[in-house]
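Structures incoming, each one as structure tokens.
There are two complexes below, and they share subunit A, which is joined by subunit B in the first and by subunit C in the second.
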Partner chain A sequence: MSALGVFSTANLNGGQKLGLKYLIVSLALFGAQILFGLLAGLQFLMPDFLFGVVDFSVNRTLHVNALVVWLLYGFIGGVYFMLEDEAKHPVVGLGLGNLIFWVLTAAVVVVVLVYLLVQVGPGEMSTIWFINEGREYIEAPRWADIGIVVSMLVFFFNVVATFSKGRYTGIAGVLVLDLMALAGLYLAGMTYTPNISMDQFWWWWVIHLWVEATWEVLVGCIMAYMLIETMGVRRKIVETWLYIEVALMFGSGILGLGHHYFWIGTPEYWLTIGGFFSALEPVPLVAMVVHALFDSGVHRMKNSNHPALGWTISQAAGNFFGAGVFGFMHTLPQINLYTHGTQWSASHGHLAFFGAYSTAVIGFFYLAAQKSRGNVWMSGNLPGNGWKWKWGMALLWIGMIGMTMALLIAGYEQSQIERAIEGSTWMGYFAAQGHPWFTQAMNWRQISGYGFLLGYVLLVWDLLTIGKGETRPAEVINSEAH
Partner chain B sequence: MIVEPVALANFFTVFFSAAMVILTGATYALLFAYSRLRQRPRLMPLAYLAYFGLSVSVYTLAQAANLFNDTFWTFIVGLMLLGYFVAPHGVWHLCVATHDQESVDGHKPHDEGNPSFVRS
Partner chain C sequence: MSQTAWWASESLWRKSAIWVTGVSFIFLIYLTFDTLPYIKAGGTNVPGFSVINKRIDYQYNEAKHRYLPVIGQDEPLFGKMLTEAEAEALVSKGKLTTQAKNCMECHTLLGNGAYYAPDLTKAWLDPAWGSKETREADMVAFLMNPTDKLHNSIGRRMPNLGITEEEAKATVAFLKWMSAINTMGFPHNFKPLDQSDAPAAVPAATAPAAAAQP
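Entry: the complex of A and B
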């Protein structure tokens, strides 16, 4: 181990070294997501901007694909980072895990280059395999899909084999089951059918069930580890609540899939299923307010990593507002008929993804930064009173709230003018797009996006410098935590 | 089951009342838990006042979204009211039980904020 306050991979175990690589790429891809989002946003305001160079469709694809991939890299990085600590055993098959990291990262680069270099052309079976599969969020061509599944299987092998040879904890049990679903569900998005309803039916299995089932559980496992590490919460309590939350999430989340099936040509009973679960899905989320307050009363927020805890708290709040409030506002079919696929969805999507997932991964970035510098002090009394992480977090949140509210206004206008008044006609679409409420909202969205970018720059600067030269070791919160 | 679309004039009412369902639900849960955690029974009526606000929001949403025009949707409204009412109670019991187990195991949370003495 090198000196305190000095960045060195010698401070990390094998799994953490591999995890750190994933987290670094994740942070870079987060930046790419913001960059392409800003370019796409500018094209809403200036449709000719970069037309024929990087078209809106390509910017949007890169924006949403980068979202999926940076979060996935963050989750994988988080799991590798905690794996040896959790299993009390070196990662089994670490060499293979490292090889797959480089292969997967090279594949991501190739896919992005192909998106940029081949922007228009015929849609044929060969393009599905080599250029673009055409399904939003998972546009990656078939060869990359297969690569993603193989990578997930290797990741799964690393995790299962390590836990099998080492300690098998409650977190391990949940994680292993979840990773099986993570690899398996992705297969549902790889079938080809010319029937758009059937295509959408399976596509949602990846989009909804990945996000509202496997990712939620992954985040639950990562957050469980973070609570043990940074707050010294006892393992038994964390694991009990992990089981409870997984059960609640599966109970309400899986068939919440129904609200995506409302208007895509599926049988009418999906309105019943979707309506039922849409109405009741927020109940566990609201009830968990009790748990959050109870735990904060017990632990009084004593912790060894202020930035990580700050982001953890903002995760709870962001998830509540993004998924709960902004989701329920437009999820009943009686209103969703008008809001589905408008900027309402984008508003909900921005806040929910950032609130539920981005915050958790950013929290883990700080945990990794702390360990990479020899597990240095990151509690109170940080140099400069920790202004960089605080302002970084504030700007990211202000930017996100600004974008969310602007999109909300745009979506409200769209749902009224395009959908309700104009009856979803082509003319209605353009009437809504040209309306002053819409264009003003797009301007505010763009301005908020610049604020978000500034927050990202501060975040990166802080992650590169926090703990540098720090000579105090991390505060010991609870030595019995493991 | 009938899905009767919301009238244009009721759009805002639906959005606002739906948001209020979640926010008053959270306020109810927050006050309920705080009252018990800090043993301040005077706050409990405020918790139930928040639940009353939730009930009003659910009713307003149901009216604006035409939920009372169909038996299935009326049943859903009832389930929502029941679910939001009992869920904080259930989670509270789980919290107390898990922390009680911690005491049985011979461990105590590491500061004076331990509310394991609290009983529902």
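Entry: the complex of A and C
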């Protein structure tokens, strides 16, 4: 092990070295997501900006795909980071894991360059295979889809084999089953059909059952490890909570898929099923808030990594408000008839992805920063009172809440003017888009976006410097003693 | 540590998690099998592709309390009656074009996608096309060269995506077919283009310039 306060991968175990690579790419892609989001936001204000060069559709594609990929990289990095510690065994197949990291990262670079430089193709299957699949969130061309599935299978093998040779914990059991579902579900999005109803039916299997079911449980697993690691919460308590959350999450989330089956040609009974189960979807998120606050209270906030714990607590709150409250607000079909396909969805999407997932991955960024400098002190009394992480977190949250609220206002305005009054014609759409309530909201969204960017810059600066030259070792929490 | 209460026991919740997940998933599989006949082309809610040979309208249904597509008399697209197989090939080409041009990252289709441009669910029926006599030609012309045609008063334009005439016609076929899907009343309160056989009251405008003034 190298000296305290000096960055060195010698401080990390094999899984953590690989995890760190994923986390670094994840952080960079987070920046790309913000950049393309800001460009797309500017085009709402100045439609001629980059018109015909990097059109809105290109910026939006990169914005949402960077989101999906940076979070997936963050999750994979997080799992590799905890794997050896959790299994008490070196990662099995680490060489293969490393190879796949480089292959996957090269593939991501190629896909991004094709999105940026080629953009669109002729209406032929070759475009679907090599340029762009043209389906929101899973635009990646088919060749990349296959690569993603292979990469996920290698990742899955590494995880299962490591737990099998080492220790199979409760967290491990949930994680393995969840990863299997996550990889399998991706296959549902890999076919072409001329029938758009059928297309969107299976497309939601991937998007919803990832984002509102398997991703939530995956984050539950890595957050469970985080609570044990940084706060020393007893494993039995964490794992019991994890099971409760899985029961509630899958119990509401699997059939909650129905809220995407209101208006795409699916039968009428989905209005009832989707409405009912998605109304239950906030329940597990309330349980997570209770869990996080309970554990923090029991341990009197005593923990070995303040920034990571700060982001973990904000994960519980953000998940509850973003996914739970903002999702519930427009999920019942009676209101969704007017809000579906408006900025209302964008408002919910921003707060939910940030609250539920970005926060969790940022928590792991801080854990990685701590361990890679030799497990340095990151509790209270940081140099400068930890102003960088605190301000970084504050600006990211203020920026996100600003964007969410601005988009919500725009969504309300669209629901009223475009939908309720004008009846959803194109003239109604543009009447709503040109209304001062809408344009003001878009201005505030942009300003909030700049605040968010500033928060990101502080976050990166802090991650590069926190613990540098620190001479105190991490506060001893001794989690596994119980 | 005192005895854990039964309701807080780890094994109870592990079993609950497994059972709840399993039962939910079985229900989802069952419902999926039940739903597929509704959404296949020619199914209960989704028309066969040859519906593009017919007039398609969208009207409020008093009994159902929602707007529903109404399939009317023969009104072949581009004046040519197609067999089911020909219609499927044409619609499929159009669907592929919407994917290849990434339409969904500006527009919404069935309400899903991005929010920078209008929803396309009822694009075929939008009153912005002015008259049903000129609609087909205007749609093709617009898709092939949209950039310089006035769209709206807020300055947003559709970029030129290199759509060929063949792709544009196929896209129009896809849009016409999509407008006939029973979407449970979405969008609500929509006022479609007048398709009655009486001469159009308004002279054919250069669509969609009619949408210029909100």
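Rule of thumb we're sticking to: the second predicted complex is superposed on the first by the 463 of 482 C-alpha atoms of A that agree within 3 Å, B and C clash if a C-alpha of one lies under 4 Å from a C-alpha of the other, contacts with A are read in each partner's own complex, and residues count from 1 in each chain.
Definition applied: a contact is a pair of C-beta atoms (placed from the backbone, for glycine too) under 8 Å apart; a residue touches a chain by one contact, two chains touch by 3 or more.
Just so you know, these numbers come straight off a predicted model, no measurement behind them.
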item: Subunit B versus subunit C as contact partner of A:254, first or second or both or neither; value: second
item: Subunit B versus subunit C as contact partner of A:325, first or second or both or neither; value: first
item: Partner chain(s) touched by A:337 [first = subunit B, second = subunit C, both, neither]; value: both
item: Subunit B versus subunit C as contact partner of A:240, first or second or both or neither; value: both
item: Partner with the higher number of touched subunit A residues, subunit C or subunit B; value: C
item: Subunit B versus subunit C as contact partner of A:430, first or second or both or neither; value: second
item: Partner chain in contact with A:387 - subunit B first, subunit C second, else both or neither; value: neither
item: Touching partner for A:43 - first (subunit B), second (subunit C), both, neither; value: second
item: First, second, both or neither for A:412, with subunit B first and subunit C second; value: first
item: Subunit B versus subunit C as contact partner of A:461, first or second or both or neither; value: neither
item: Shared subunit A contacts, counted only where both subunit B and subunit C touch the same residue; value: 236, 240, 244, 268, 271, 337-338, 420
item: Residue ranges of subunit C touching subunit A (in the complex, touch as defined); value: 8-10, 13-14, 16-17, 20-21, 24-25, 27-28, 31, 34-36, 38-41, 44-46, 49, 88, 91-106, 108-116, 118-119, 122, 126-128, 147, 151-157, 159-164, 167, 170-171, 174, 178, 181-191, 208, 210-211, 214
item: Subunit B-facing residues of subunit A, complex; value: 232, 234, 236-237, 240-241, 244, 268, 271-272, 275-276, 279-280, 282-291, 293-295, 297-300, 302, 320, 324-325, 328-330, 332-335, 337-338, 412, 415-416, 420-421, 477-478, 480
item: Subunit B to subunit A touching residues, read off their complex; value: 1, 3-6, 8, 11, 14-15, 18-19, 21-23, 25-26, 29-30, 32-34, 37-38, 65-67, 72-73, 76, 79-80, 83-84, 87-88, 90-92, 94-95, 98-99, 101-102, 105, 107, 109-111, 113-115
item: Residues on subunit A engaged by subunit C in the complex (per definition of touch); value: 40, 43-44, 47-48, 51-52, 55-58, 60-61, 119-125, 127-128, 131-136, 139, 170, 174, 192-201, 236, 239-240, 243-244, 246-248, 250-251, 254-255, 257, 261-268, 270-271, 273, 337-338, 340-343, 345-346, 419-420, 423-427, 429-431, 433-434
